[in-house]
Amino acid sequence: MAGSVFGNHFKITTWGESHGKALGVVVDGVPAGLNLCEEDIQSFLDRRKPGQSKFTTARAEGDKVEILSGVFEGKTTGTPISMMVRNADQHSKDYSNIMDKYRPGHADYGFSEKFGIRDYRGGGRSSGRETIGRVAAGAIASKILKEIGIEICTYTKSIGPVEITSFDSSEISKNPLYMPDAKAAEKAQVFLEECLSKKDSAGGIVECQISGVPAGLGEPVFDKMDARLAQAIMSIGAVKGFEIGDGFLVASAKGSENNDAFEMKDGKVSKKTNHAGGILGGITDGSPIVFRAAFKPTPSIAQLQHTVNEGCEDVDIEIHGRHDPIIVPRAVVVVESMAAITVLDELIMNMSSKLDYIKEFYS
Amino acid sequence: MAGSVFGNHFKITTWGESHGKALGVVVDGVPAGLNLCEEDIQSFLDRRKPGQSKFTTARAEGDKVEILSGVFEGKTTGTPISMMVRNADQHSKDYSNIMDKYRPGHADYGFSEKFGIRDYRGGGRSSGRETIGRVAAGAIASKILKEIGIEICTYTKSIGPVEITSFDSSEISKNPLYMPDAKAAEKAQVFLEECLSKKDSAGGIVECQISGVPAGLGEPVFDKMDARLAQAIMSIGAVKGFEIGDGFLVASAKGSENNDAFEMKDGKVSKKTNHAGGILGGITDGSPIVFRAAFKPTPSIAQLQHTVNEGCEDVDIEIHGRHDPIIVPRAVVVVESMAAITVLDELIMNMSSKLDYIKEFYS
Amino acid sequence: MAGSVFGNHFKITTWGESHGKALGVVVDGVPAGLNLCEEDIQSFLDRRKPGQSKFTTARAEGDKVEILSGVFEGKTTGTPISMMVRNADQHSKDYSNIMDKYRPGHADYGFSEKFGIRDYRGGGRSSGRETIGRVAAGAIASKILKEIGIEICTYTKSIGPVEITSFDSSEISKNPLYMPDAKAAEKAQVFLEECLSKKDSAGGIVECQISGVPAGLGEPVFDKMDARLAQAIMSIGAVKGFEIGDGFLVASAKGSENNDAFEMKDGKVSKKTNHAGGILGGITDGSPIVFRAAFKPTPSIAQLQHTVNEGCEDVDIEIHGRHDPIIVPRAVVVVESMAAITVLDELIMNMSSKLDYIKEFYS
Amino acid sequence: MAGSVFGNHFKITTWGESHGKALGVVVDGVPAGLNLCEEDIQSFLDRRKPGQSKFTTARAEGDKVEILSGVFEGKTTGTPISMMVRNADQHSKDYSNIMDKYRPGHADYGFSEKFGIRDYRGGGRSSGRETIGRVAAGAIASKILKEIGIEICTYTKSIGPVEITSFDSSEISKNPLYMPDAKAAEKAQVFLEECLSKKDSAGGIVECQISGVPAGLGEPVFDKMDARLAQAIMSIGAVKGFEIGDGFLVASAKGSENNDAFEMKDGKVSKKTNHAGGILGGITDGSPIVFRAAFKPTPSIAQLQHTVNEGCEDVDIEIHGRHDPIIVPRAVVVVESMAAITVLDELIMNMSSKLDYIKEFYS
């Protein structure tokens, strides 16, 4: 499983599993000279913290990050930054009811087949806790992007059948579901309570807008901006769909509707519309990047389910414990982090696209 | 633009632009001992050949492939396989009406911003002809997969508003739109004629089913099977959305609906349903992999459009010449090729997942 | 500095600097099912531990390793293994005499030019302590290789002018210089005492023999076994030369002398001699791999030296503190570790070289 | 054998074997805006052309290069540059005396073991002709480096026992052995004639000096400048040793002798001596990079040799045909090419080392 490294220049290596000693990330390729402290990371991690509402698990996870290397006198030195979060509570509870059964909707069976061994405690490496490393790295990427004038706004677009109908970015952090529409957030909460009462769970859609991105980023033909974003986002657990701009709607659109006309605006090349979501031919066009990710409902539900055990017998399974009825709110910051990491990586890759750039740099 | 390499073990490097001398691919990491001849490649390339119907451009492109290396006495030797297709016709036509204008929906502006130079002849590297290398490599990957028992079936699921309502795989190659539903294919043709008459174009959806995939493929957490497929497919020009299994529908599903129950069937672990599209936690679960890609309408339309030129002036643009009113049919084999390349790469990566495998191999 | 990742399948990411909080490594791609505990790692780390003799620094560095992830119930799970060693003593001593001066023979100036910032405490990332991560990862690689029947024997071949004249592998661990020749070890100790008394330091050569390597490993043309070993070994601080088999002597040899005749021996293809050092055309030939690395003398010497400071002034520098007069003995295990990591990585890469292998694996 | 790709940003993929249809390279990541024509490449390829003297094979190999993509109107466009050389003469001669025997000193046995198949015609992929792709790519890298003020001077330092004792760069291209010392070149020719008359061959050393390299290049800890150079150079067939600066001599030097004192010179930080060969701690220090590669004697000699055949029988082998008695002269340009590729790649990697660089670039 040498799949825990992502990125070319801003390269992250994540590690850790749900009930291991700790989880973390090594970020290689962080440029020197960035002011960085643990609080920069912590504020990102806190956005994925559980226990913030009744829709997120109540486990007391402190998730305090420690920066172990790569920062000297408050500044990054250009060397790898290692960050770690200790698992506060590794006391294994009783897993006897699930340890030899494949939970529906989970990766248990695949892991067993692949490795011949499975860490049954809370999903092991396939747990949502795996994203701690992503978010810690994303905090650094986001901070760098901000210095360049790139801002990322990520939020819940829909939960089950409840979709936002208005957009007020100041609302996002005011409700536990991270929706930019207070009314929708209320409706969604009612819907989630219903799910909970029925021992069921819900899915939803996360949307991300990245503004301030210069035109020209993206490396055709395989490392196009949208292709790399797709890998980054689809690699997050529970994501089953990714779309950019108008996304799946383009399939039923006409060319005359879908093409965005270019125009001059305030002395700059811009587009009258943004059906493309800021990316044409895999390269940014200067408009905001807009993409969405579809998250499936939490697979751990309290209902009795049918499955198979490691002995290849048909059995029933009942998953105990408190689980979030929805993955989306805590995933918002994960999506934002992966977007930041990807955009920054492409941003750096683009710096050698012209010979003139290189000559000027070394003159 | 060091973005033309894809894959870890089965590694392809594509090259070439629309009106250059030739296009091609180098495939590194092909295992030795595969019977391979040019006809194996040609039959794949012919599926993306233009001029097959009135909905695909009539340009006389022979697209004859030549294998330049890596095959000896009819078998692959384990060394890189270089394949090339000469561009039959490089006589540049008159591009004066578009050479300094950014075509809406195309990558012209991004390329100009990135490289300070743009090959205005037929889109250069951002042309659909770029996919020749992908398809040639895909032909090899598909042939290997077939020997392992993995079959890929790819087809047009919808064109504009016309979606298939039945599935007969034998129909796919019988209509020029590669639809598995003869009636839908007819309707779609009527719809496309209408688009043509209005100087407009249409989008559509390609679906891909991969059967015979063993459980356990995919490398968490960033090289998960679905994440790599997403990158592979989104890197194809004009794709704006990717989804696996139920895709975006999961956002409004309940956990109790979306979870696939495991069951024993014919002595094998299987799933009662396949909402997951064959992938759980980024690892294959033994069910068929099912994914879809949304293609936007051909951006080159004959209507007068508004845009901007390289001198930053608002101008009109009229794109002459014959263009396909729909990208989808010719893209079907491209999607299949990228899927084959990705699955094969993951298949090889998985071979070292257990110590026992390695010990047995070297015993 | 995204240069802290090495390997394709067995992929290590090291981090940490001399006087940071900790140092460590994440090892991605460890196959599942290996018995592994901290003692396996500790025994390797202890071989690079300082304070073992008067020729290695007396600082009290415990260097106790902690395994943070990837091991469950005593076995590797296939997920990344994160290992960490806390720096016992981060109390910065007084660096005022060197903090703004470029130490001759050190990387200070290069780091300053590259990053605009320099961690002057003990060399930061360019310190020998950086190798802790390499050795921890090497312990795992070595353990896996051993299970496949591959053994690595590494030792000091020469120190200054003192070269071994006999070889007894059981001697290696009996003297603090790791020489397989007791008499040479004694002479070398006398020589080193002389160096110490003159405030000077000495270089030396480390030799490595890898036996049990199957023929066929190595991936032409850039990832040949010797090319990857060269990168791995030259990446160790203070190494200025690398040679395989007869090495630089081949330059003055005749073809008739240098060619190793093949012959059948005990029913196996073997070679009468091993001038090639076990590698022909970048691929192993079944004979033991033999290579050497030349280490320069410790650059930190107590003599007064001339240099330049960050203000671009010519100045004198006097480096206080206890430093090893020789790097070689503690580097022996580092060389062995990098060799193990490289050979294991190539071993895994080779598993997909034939189509028949892949077909058999998935049948 | 997915080992035919080298480089991170300036990324080359070589392909082709001795008696295949053609050989070539795809160079990905060439910055846009470089003036480039086939003559730029041809002049490099001509330096490795055979038949230039009696010490290089007389086969009539035209080796005319064709640029197939990536150049438009005389300038690079930023897209991959594909270059190809057709094999003029593929008529297979009679290989019956060697086709099932493992030639001593060659990679035959390793290839057979690895791939189960071997292209016995002229060594296939392990032939020296494989370097055509490297040299074509090196021509581009060198041209870019020149524009930045980096010049590479490569030459033969020794042939068998004959070493240069003077250095006149203008002499290098005046003798067929590429030695910077006319007298040594004469002596070496006498020596080589002797070798020829005895059906024997000779080895030698190539030295390379790279001037104008800015301080700060190299990415610790695994992609250090010297580590990457080592991989690049050791990947060339027949190289058995690599050393930088004083190389193996450092092993017997004292620290006080080996340390290079820094000093201010003409307002710049420089070093009084250059024992380090321009690289400290893996990062360039502004002094010229100096390295050497040891080449073994041509393994194909006309003497009767002992070996083994594919049927595992002890047999004699007699290798017919004309072979160079020395590899070194034709390898000079190969070494220079690999050095150029590596330095350029590191040069680009360094552009993101400081946050200030990135901010300035995007401001």
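We just call them A, B, C and D in the order they show up, numbering each chain from 1.
The definition used in the following text is that a contact is a pair of C-beta atoms (placed from the backbone, for glycine too) under 8 Å apart; a residue touches a chain by one contact, two chains touch by 3 or more.
All values derive from a computational prediction rather than experimental measurement.
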Furthest chain, CA centroid comparison against chain B: C
Selected interface, C-D versus B-D, where C-beta contact pairs are more numerous: C-D
Length of the line joining the C-alpha centres of chain B and chain C, rounded to whole Å: 44
Gap in Å, rounded to a whole number, between the CA centres of chain D and chain B: 38
Chain C and chain D: spacing of chain centres that average the CA atoms, whole Å: 26
Residue list for chain D, restricted to those that touch at least two other chains: 1-5, 8-9, 14, 29, 32-33, 78-79, 111, 114-116, 125, 214, 220, 349, 353-354, 356
Chain C contact footprint on chain B (complex, rising order): 8-9, 29, 31-34, 76, 78-79, 144, 147-149, 214, 220, 347-349, 351-359, 361-362
Residue ranges of chain B touching chain A (in the complex, touch as defined): 1-6, 14, 102, 104-107, 109-111, 113-116, 125-126, 130, 158, 160-161, 195, 200-205, 214-224, 226-235, 237, 239-264, 267, 269, 272, 276-277, 280-286, 294-301, 303, 305-308, 312-314, 325, 349-350, 353-354, 356
Residues of chain B touching chain D in the complex: 1-5, 7-11, 13-17, 20-24, 26, 28-29, 32-33, 66-70, 72, 75, 77-82, 84, 111, 114-119, 124-125
